[in-house]
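Chain nomenclature is as follows: A, B, C and D, assigned in order of appearance, with residue numbering initiated at 1 for each chain independently.
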Amino acid sequence: MPSWFALLIFPGFLYAVPMGWLMLWLERKILARLQSRIGPPFYQPFFDFIKLMTKEPLRRASGEDIFYLLLPLLALGATVGSLTLLPILPSSASAVGDLVLFVALVEVAPICLVLLGFLSRSIFGQVGAIREATLTIATNLPFITALIALAYASGSLRLMEIASNAPLATRAIALLALLFCLPIKLRLNPFSVANAEQEIYQGALTELDGWRLGLWELTHAVEWVALSGLIASLAVPWRSGQAILDAILFALLSLVLVVVLTVIAGATARLKLLQASRFYWRWGFGLALLALVVSLFL
Amino acid sequence: MSYTIPIGPYHPALEEPYKLELECEGENVREAHLQIGFNFRAIELIAQSRNIIQNIALFERVCGICSNVHTLTYCLALENLLGIEPSLRAQYIRVIVAELERLHSHILWAGAAAHILGFQTLFMTCFRLREVVMDLLETISGNRVNYAMNAIGGVNRDLTDPQTIRDGVRQIQKAVEGQLLPIFTNDPTVRARCAGVGILTKANAIAWGAVGPTARASGVAQDIRQAQPYLVYDRFEFSVPVQESGDVLARILVRALEMVESCQIIEQALEQMPSGQWKGQLFVELPPGEAVARIEAPRGEVFYYIASDGSEKPLRVKVRTPSFVNMPTVRLMLKGATLADAPLIQASIDPCYSCTDR
Amino acid sequence: MEAKLSFFVHLVRYARGRSPWLFHLNCGGCNGCDIEFLACLTPRYDVEQLGIRLEGSPRHADILCVSGPVTRNTQAALQTIYAQMPAPKVVVAIGSCPASGNVFADSPSVVGPLEKFIPVDVYVPGCPPRPNAILEGIANAIEQLKTKPVTGIGGKSHA
Amino acid sequence: MNVEEIRQTLGIETPPSQRTDGIWWHIAGLNVCHMAQYLIQNEARLITITAIPDGKSECRLIYHWDCQGQLLHLSTLTQGRKIDSVAAICPAADWIEREIHDLFGVIFNGRETSPLVLRASDPSGLFLANIPLDEEGKE
């Protein structure tokens, strides 16, 4: 399958953007149902985006706007790029699908967010940026260790080969460790520390308005697709060989993950920065290390 | 890295304008400065230019959460000055409304605390429960927020439907014991955020004259309802929950246990309530002199002082609200806390800035 | 071209009506209105089903909900926050205080009413208004939001 | 708490008046620091201080104490609108004195009173009839 197809159609923009919106909606809807409310209609994130893009933002110091445009676009592009590496369809895996590249691309969005926070010159933006940076470091230790365990166990850095070859024990433990990392990477409870509204407003996003915020919301939607997609695509070794069937399986599995993450988020309070970091160093890293040990000795 | 972070006057964790300036070292708070006065409406000054009946409506609006305790204390102070006592039925109705208001205030506070903890589901649970109390108060008074129940020497409305109140209170007690208490005490993330955070020592609580749940969570067993019973509080059996640890969790527990006690007081009051006269009397002028009254409001002791020169307008009304004395203790609690704890700690005393500023 | 443009304008107006984000500002009120406003978000009233969200930053908001009689100490913050909101924006005055000063009208530290400082689009009277009245006020505000000029992506004018 | 004991310790000559809402006592030249020290030693809690303008130039201050459930109201007059501060002895008085300074312009000897409910630029003494706040924003 040509790479433009992966980038633009599946699992790229044409799939990722509506899917991201669907996930954002699902998150809000499930939370609402948990709280015995009705919740927003399914087209909500789309209208939010349209509205934000057409607000009249306030004027900024000249030359600054280019960063507000470039950083979210960079984050968006990198995240969609990471999505195209996922081993969803058997045919797309041969050429690309490198684990190292995936990790590099998935980290672009948090770095852009940290930069946006510092760029805002607001104290809340900066504290949010510091928190985001701290948490990115805290969570990447288990994240990368778990991926190394998978790569070692399957003897390859290619995501497709990992997906099909990783032994069951390593796969289960490593994926659990990866799942642990998702709430922090998606800034969900109990680890929504970097965007803790009641402490520092929206963190790095506090000073963004109109399209500047809209672009970032879009990036965040695609982040959901990419990160849940990583686990969804690595969870099942089996591929039917028929592109549509595999894609549907992948999409459904991703949505299940959204449900799981949202239910956890709905049943917890927000932890503190130190508590969150400690959790990741102890449990997240412990689990990832276990996966590594299992992959080494089994 | 050292910096000063301003929380407020407008901030998502604050329902009302108020400013907390935190000098931080990294995520740790080194010193906190409090600034109030954003809600200052000079209510005591306006009260001097209105007659005593108009002032009931004015004092109802000192605070929109505990509106009833203000009119109640004001009327009690006027009754002290006039040397009259309301009928027994009126006193029971006042107790029931006051305790329902305590339930409302505590549930609301639990919701606000959950909101600050980022625990949206618990926030919604609390607010759903709050609607039950609001319905009961509406059944009694016809209003959701400013009940306008108190009159000089009585109440403005009779309580005609005790069974609805009884059913509602039982439902609330069940929910508090079955949902709120377990979540607040057992949820690991809530515990992690609240235990050992924002400690106010007993010595400090006494020195700064803290009142209400804030003092009781620091081991100061002080409740006006038992120390100097007003209305008919000496006729009920209830205990005053006290915790020793002085942290946020203790303040949560004290309030949660108080809710259960309030439910029981209401049940007893409904049981004992005699029939008879409940209406207030019309007084236009006050005798010259001065009087005070104090009651145990949801947040602690409310104190009113009234001086009169014999005209229809009071010479001076002094309103001392519980938040006014509890607020300065926030500074002590904040020292050494982390930035993330700050909103929770300031909320843990259940601050009311419209009360503090007046 | 004309038809495309009109479709775009319709879409934007529709999206605005479906996604109004609120910012709440207490200008020295007594909490009564503020808590009733908060009650609108909660299970019995649940404004989120209309796409409404309460935002922590005025920069993200479309509708400014003001309660309280505007005291001297909050007046400056009120004007700053109004200026921080990106257009199109509407203002809802919740309760009697921002409309008239209510019982605080003759206080020396109250400088209201609100319309002295910022334009008010919708008044919700009551002391405090019930949540359903507040909801009706917000619904009115949404209708006004829809009629404001439509601009293109990045705020360039189209109409 | 024994009224007679307070009377002897503080060296007061006038008798108190006992009413349902506590013991009321007006003492012309009360040594407030002495009073605060003594009452706090005896585990009394300062509820608040009420200020009432007395004539054109003075203020009457009533110190409301809770002595183990019993209310005690000790009032005294300022001298030249000045009185000793008790905030150093009784931290609870800190905000109370600041507020009285804002509203009645009473000066508390021995402490700084930064504005509490007014702004730093406002004149103190809002309650003293017709001291206008600045009119900015009123136009």
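In this text, a residue touches a chain if its C-beta (ideal position, glycine included) is under 8 Å from a C-beta of that chain, and two chains touch if they have at least 3 such contacts.
From a predicted model like this one, the values you see are computed outputs, not experimental measurements.
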item	value
B-D against C-D, pair bridged by the larger set of C-beta contacts	B-D
Distance between the centres, which are taken as Cα means, of chain D and chain A, whole angstrom	61
Cα-centroid distance, chain B relative to chain D, in whole angstrom	25
CA centroid of chain C to CA centroid of chain D, Å	43
Cα-centroid distance, chain B relative to chain C, in whole angstrom	29
Residue numbers of chain A (touch at least two other chains)	35-37, 197-198, 201
Per-residue multi-chain contacts in chain D, two or more chains	119, 126
Shared-contact residues (touching 2 or more other chains) in chain B	11-12, 37, 40, 42, 45, 124, 128, 357
Pairs of chains in contact (touch as defined earlier), listed by label	A-B, A-C, B-C, B-D, C-D
Contact set on chain B toward chain A in their complex	1, 3-6, 11-13, 27, 114-122, 124-125, 128, 187, 189-190, 192-193, 338-343
Contact footprint of chain C on chain A as seen in their complex	28, 32, 35-41, 43-44, 46-48, 50-51, 53-58, 197-198, 201-202, 205-211, 213
Residues of chain B that touch chain D when the two form their complex	36-37, 40, 42, 44-45, 77, 80, 206-209, 227-228, 290-294, 301, 303, 305, 307, 315-316, 318, 320, 324-325, 327-328, 357
Complex contacts: residues of chain A adjacent to chain B	31, 34-37, 123-124, 127, 130, 189-190, 192-193, 196-201, 266-275
Chain B-facing residues of chain C, complex	25-36, 38-39, 41-44, 56, 68-69, 71-74, 77, 81, 102-104, 106-110, 127-128, 130
